[in-house]
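Two complexes are shown next, each including subunit A; its partner changes from subunit B in the first to subunit C in the second.
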Partner chain A sequence: MEEPKSSAPSSRSEPGQGGQGDGAGGAIILFFILGLAASLLVGWVAFPALLYSEKRQPVDFNHALHNEIVDHGCASCHFFRADGGFSGAPKLAQCIECHREANSDDPEEIRFVEEYVKPGREVPWLVYARQPDCVFFSHAAHVRLGGIDCAVCHGPMGESTSLRPYQENRITGYSRDIWGWNIAGIKRNSWDRMKMDDCAECHAQARVPGGSVQTQKDGCFVCHK
Partner chain B sequence: MDQPKNKRYGMVIDLDKCTGCGACMVACMAENNIPFRDDDTDKLLSVSWMHVYRLSNGKPFPQAEECFLPRPCQHCEGEHGHSPCVSVCPATATDYDMHTGIVSQIYTRCFGCRYCMAACPYHVRQFNWWDPVWPEGMERALNPDVSVRMRGVVEKCSFCYSRYQTALNRAYVEGRRELAEEEYQTACAQACPAGAIVFGDLNNPRHRVHRIVQPDLAHGGRPRNPKAFRLLERLGTHPKVYYLTGRDWVRRAGDNEVQKS
Partner chain C sequence: MKIDRRSFLAFVLGGAAGTALSPLPWKLTDDISIWTQNWPWTPVPPKGETTYVDSTCTLCPGGCGIRVRRVEDRVVKIEGRNDHPVNRGGICPLGAAGAQLLYSPWRVRQPLKKMDGRFVPVSWEQAIGEIAGVLRELREAGTPEAVAWIADTDRGTTAELCRRFLTVYGSPNFIRTPCAQDAWETALYLTQGQRATAGFDLERATFLLSLGSGLLEGWGTPPFVFRARGALKDNNGRFVQAEARLSKTAAKADQWLPILPGSEGTLAFGLIHVLLKEGRERKPFVAAHTAGLEELKRQALQEAFSPEAVAQATGLEAKAVVELARAFAAAERPLAVCGRGAGRVPGGLQETLAVHFLNALVGSVNVEGGVIAVPEPEYIRWPEPEMDAVASKGMQTPRVDGAGSERYPHARYLLNRLPEALLQGDRPAVRVLFVSGGNPFYSLAGGERTEKALARIPLIVSFSPFLDETAAAAHYILPAPTHLERWEDVPGAAGYPKPVVGLARPVVPPRFATMPTADVVLRLARRLGGPIRAAFPWESHEACLRQTLGPAWETLRRKGFAVEEGFKPQPFETASRKFEFANADLKRLAAFRPLPAPGDPGAFKLTLVPFDTLRLTAALGAPPFLVKALESEILLKNDIRVEIHPQTARDLGLADGADARITTPQGSARVKVYLTEGIRPGLVGMARGLGRGAHDRYLAGKGVSANRLLALVEDPSSGLEAGWGIRARLERA
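Moving on to the complex of A and B:
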């Protein structure tokens, strides 16, 4: 006796409910799509724009122009010190060898000489590839021992005619080059990202002998300090 | 890429030479950016990678004797090729490096569960209860080769690993793969005015540590020198820090057998 009672109202109400659902369902789906589109815009466009602050380099350096003139390529200004360290960002002492006076009527060079060379002030270069404090990176091991080209990690920097803006993560303070310029983390070239995964990927490919008891891979102390 | 021969870096501390001056502790604090507070008297809360303990034979005046025992991380090799702390770490934040024999601690990986502190029989590991604060201007004197630790992680002696890294850098630039004995020395060994701390590769028969200890490498590095001993030898942790003494009570204290009278 109970069963038909309970089944009858449900079977009767179905067409009515379906009719109401069609109208409201359309609105709900539209609302959902609009909300999804808005969230995606916030996530992929607004958030990355807010997350990074942008700075210009103090001097707009032309790598391509200098590369034609100097004798030793990248190593003319970015070189190893005798103690094994790497002098990445050049000091004024290296610039002064050629730029004691302005060599051309290029306004950027004249400004550089006036603002930095004459007062003897170091250029506060912003280092795109600066790693977090916990990372120990050895240029000696990679360049001298591994024979890796500068461009593998730094890209075709030597061919650039102008310095791109430096973006800094407002939360971590790291350069955007560490996360990579693609916000989704998609990597096309070896120099697109500089995260730990990218280091580990290359170390695995190069079969760097691992010393770790736990993982049989590289020990953590290889790259951390 | 061929790998140079494995090292087994270790240390010998002559307790009969140690005067307890604490220069090793100061050198270690400065080298490794170790934080301190205004009031660091509670040693359960303070951090020091190298700690000098005072041992006493507990006898009245005519027979009273003291001994100072500097204690860095023992870098245990254990019976399974690594230390007790490595066995328990759930985050793989601490690891045993087969190439150097050094037990590493990665601060960015550690989440501060302190299981390793419980596992370590030597009280070598310490927890950061606070973020480090240095007196005004002192942060400019920090060592750039050692990362500063934050609140909530465990830290310990690394045998000045940053010095190994920078020494290797120099070797690579000069076209070498191997380090000479004096190229890699810990801060405490160099600071000790009594010359009580000797550091080097236990695998290398030419290094002073090897010649002093004469380790029996087939038996967990047990010392053949009758004056040498290791802390809590009976636990089988096979530490790579050895102590020298001619005094019997000190030797017994090293195995926790004092206070039996």
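Moving on to the complex of A and C:
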């Protein structure tokens, strides 16, 4: 009977032998690194790119320009209603107070007047800071009672000359600003993220009276009503 | 270098490690959790400015003040008005669920006309024109009395406009749907000579005896009654419930007397018997303010009302009857009430009289903590309309329901007698029927016979905002706006002891092409012309309301209600100026006799007793919030459950939850059984309000309607509907 020529069975029958073993180890490390690199690339680059869809605001609003004209800073347009409710993004009626006609030859203003003011159509602003529906947030408690500046949570929005793109989370449907633009969740400024931990951090620092009798911390139902 | 299995495993491991070091798993977990907590398909009120509008609820005769919260133009919540005298912040489940009626999918969106059995949309112009045409023909034929109108109230401008329309048209057949107030109003008129509704000063009573009234199950104005129940507890008062089943009211009472159903009147006379025999009546009040006591003595001191006889009739012990009478008489401010369940069936007049006599004997009439005669509102003072010969002749014909006839001289409305009247003759006595509330196709007892009788009417016009049973059977639907979309003056609150008028206002603009019923009346009048047109000088219902209320309009518009805070009951208006236990009118009434449940006790061994619950409504279909909150003891999936005592179940060989068939002389239905010791053996308890033939998918097709199994029972003393049950058979199915 003839011996089988193939060496594969013999290498298998002698595991851990000299050079053969070293070569296999190198391959393993290489493939490990390949897998690691690929997944890191997916996790850090591809995933965030896929997770968010980017939208433009309907009108490119210049906060800085308006801020120079108005008398009461942010509150000129983002005001508290008589009952303490916060108005949020302005309604068309407010804009019309000044923009019944275009006040300049700025093409964006002219487009705004043509597309929204004349037909009386509300501007579908995309709200960067909108919290999920399961969160109750009162501006009155924070701004009026707590004396917190708008910029603490919203950043220097009032100084922007153009509206940055709005990124919408494809799974939740909420704005990227809640998680923060840094996908790792690292923040440098107080306004970089708006997650529950960020609320809790500030509440802990400010020693906000707790809602829970048991833990002396904020009870769940302070925000999740 | 080889790519083998190990390399692959290394790649996977590297991938796993890399993934763990990337934000992917953590971010994904977070996003998925946010997604699951905010399902995109769960409706969430829009964000926007919150505003409150004060109005008056018109879903029942309660007239509670409501505070409606809106976000932008959307109604999101209805609460009770804290400053309203009737409900003081309270609200019943139906009132709270009112927004679901506004946004209900079973709303009628435009006028509909039935053609070949199907509804097709028509214009208001066409619908009103065609109906006016039929009305004109009837008048030309000299039979204006063949028009009838069923409404759920006879008060306020809308009801008065409807009635005025019938009057100048020439028909006396305006019919208010029945309720316990019918019997109370007649009792007040016969004993006190007052045209008034009965108010009950429940808050200040210290001993409350309820003869089957579901005080916590929709009787009177629920939030007012709930508060009164609390006040009674605070006053260390006592609350006794006499009822055959352990209703929610009985369960909350200080004492539950499980009397035999239908024996409430006998018990009242039994208590009167003990009071009089032992001389426990309030002598100063009786001497100064009443007349005819001797006649009452002759009536109540009969052997039939002795404690022993009453014990036999009610299923109580004689001792319990005597003790109850003594405790009632000894209380500082005792008060007895009647009107079974939610008070939707008037009950016998003699029975209500017995309860009223009981109150009079202990001095609880027109005093603090007693029964108060609340005068009918008088703000509607329109000039008498001019009538032509046709109208005068028509108005002199007897009413189709027999109210006010020789036989029933004191009855004002007898809707329960309408079906039999319609079945007489080759042509039904009513040729055109308008229905603005009450949903008679569902809420009248009598099963198929009633339905067949009503269906004989050649032209039925429903004003229902919803596709209810009557609307479905109608030939035209002229949808009115819902209670949150229209102006309405709301005089009186059921059972509230002071005169009060509320104003309902449009909280949101009408959602659909609806028209207030009063405006339809004005348009019909304009179409018919002549004296009919002349009787309605108003441009619209709103204009009529403004003009009618005069200076009160502004107050009502601003405040929402007007209450006579310092109201004092008026003196008795009988010939003797006293409360009369006996007089010529009372003497003419058929004598008290407990009405048996219809049916042959030999063939039907059990008795079916319907009951009311706050979670189900009568004429109006219950909105989804209420149906969802129905307990499994009443509705299990789509099956209605009937209550029976375990002993009854043993005799019938039925286990809890078993399928069964209930049969009464009126009909038969499949049910499931619920065993409870909270009902007397031999009885079958069934909730009213299910078994809907029309309505939305949240309500339709669930359970069976008790009204289809019950028969109409006419009270011999008044003609009023007095059915409390029917003989029945229950078999395994």
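Assume the second predicted complex is superposed on the first by the 206 of 225 C-alpha atoms of A that agree within 3 Å, B and C clash if a C-alpha of one lies under 4 Å from a C-alpha of the other, contacts with A are read in each partner's own complex, and residues count from 1 in each chain.
Here is the rule we go by: contacts are C-beta pairs under 8 Å (C-beta built on N, C-alpha and C of every residue); 3 or more make two chains touch, one makes a residue touch a chain.
All of these numbers come straight from a predicted model, not from anything done at the bench.
Visitor: After the alignment on subunit A, I want to confirm one thing: do subunit B and subunit C clash, or do they fit together?
Guide: clash
Visitor: Touching A:Asp83 in the superposition: subunit B (first), subunit C (second), both, neither?
Guide: A:Asp83 sits against subunit B and subunit C alike.
Visitor: So, does A:Pro58 touch the first partner subunit B, the second partner subunit C, both, or neither?
Guide: After superposition on chain A, A:Pro58 lies in contact with neither partner.
Visitor: Touch check for A:Phe136: first (subunit B), second (subunit C), both, or neither?
Guide: first
Visitor: Per the contact definition in the header, classify A:Val208: touching subunit B only (first), subunit C only (second), both, or neither.
Guide: Touch partner of A:Val208: subunit B, not subunit C.
Visitor: First (subunit B), second (subunit C), both or neither: which does A:Leu36 touch?
Guide: In the superposition, A:Leu36 contacts subunit C only.
Visitor: Under the stated touch criterion, which partner chain does A:Leu145 make contact with: subunit B (first), subunit C (second), both, or neither?
Guide: first
Visitor: After superposing on the shared chain, does subunit C or subunit B touch more subunit A residues?
Guide: It is C that touches the greater number of subunit A residues.
Visitor: Give one of first, second, both or neither to describe whether A:Cys220 is in contact with subunit B, with subunit C, with both, or with none.
Guide: first
Visitor: Mind working out whether A:Ala184 is in touch with subunit B, subunit C, both or neither, as first, second, both or neither?
Guide: Second partner only, subunit C.
Visitor: Under the stated touch criterion, which partner chain does A:Gly155 make contact with: subunit B (first), subunit C (second), both, or neither?
Guide: After superposing on A, A:Gly155 lies clear of both subunit B and subunit C.
Visitor: Subunit B has the stretches 112-120, 202-210 or 238-246; which one runs into subunit C?
Guide: It is 238-246.
Visitor: Just to be sure I follow: which residues of subunit A are touched by subunit B in one complex and then by subunit C in the other one?
Guide: Overlap of subunit B and subunit C footprints on subunit A: residues 83, 85, 132-134.
Visitor: Across the complex, what residues on subunit C touch subunit A?
Guide: Of all residues in subunit C, those touching subunit A are 1-4, 6-8, 10-19, 21-24, 27-28, 30-32, 34-35, 37-38, 40, 44, 47, 49-50.
Visitor: Going by the contact rule at the top, pick out the subunit A residues touching subunit B in the complex.
Guide: Of all residues in subunit A, those touching subunit B are 80, 82-85, 132-134, 136, 138-141, 144-146, 206-209, 211-215, 219-221, 224-225.
Visitor: Would you tell me which residues of subunit A are touching subunit C in their complex?
Guide: 23-24, 26-40, 42-44, 47-48, 51, 81, 83, 85, 87-88, 132-134, 169, 171-174, 179, 183-185
Visitor: Per the contact definition, I'd like the list of subunit B residues that touch subunit A in the complex.
Guide: Subunit B reaches subunit A through residues 1, 3, 81-82, 86, 92-93, 95-100, 102, 104, 106-109, 145-148, 158, 161-162, 165-175, 177.
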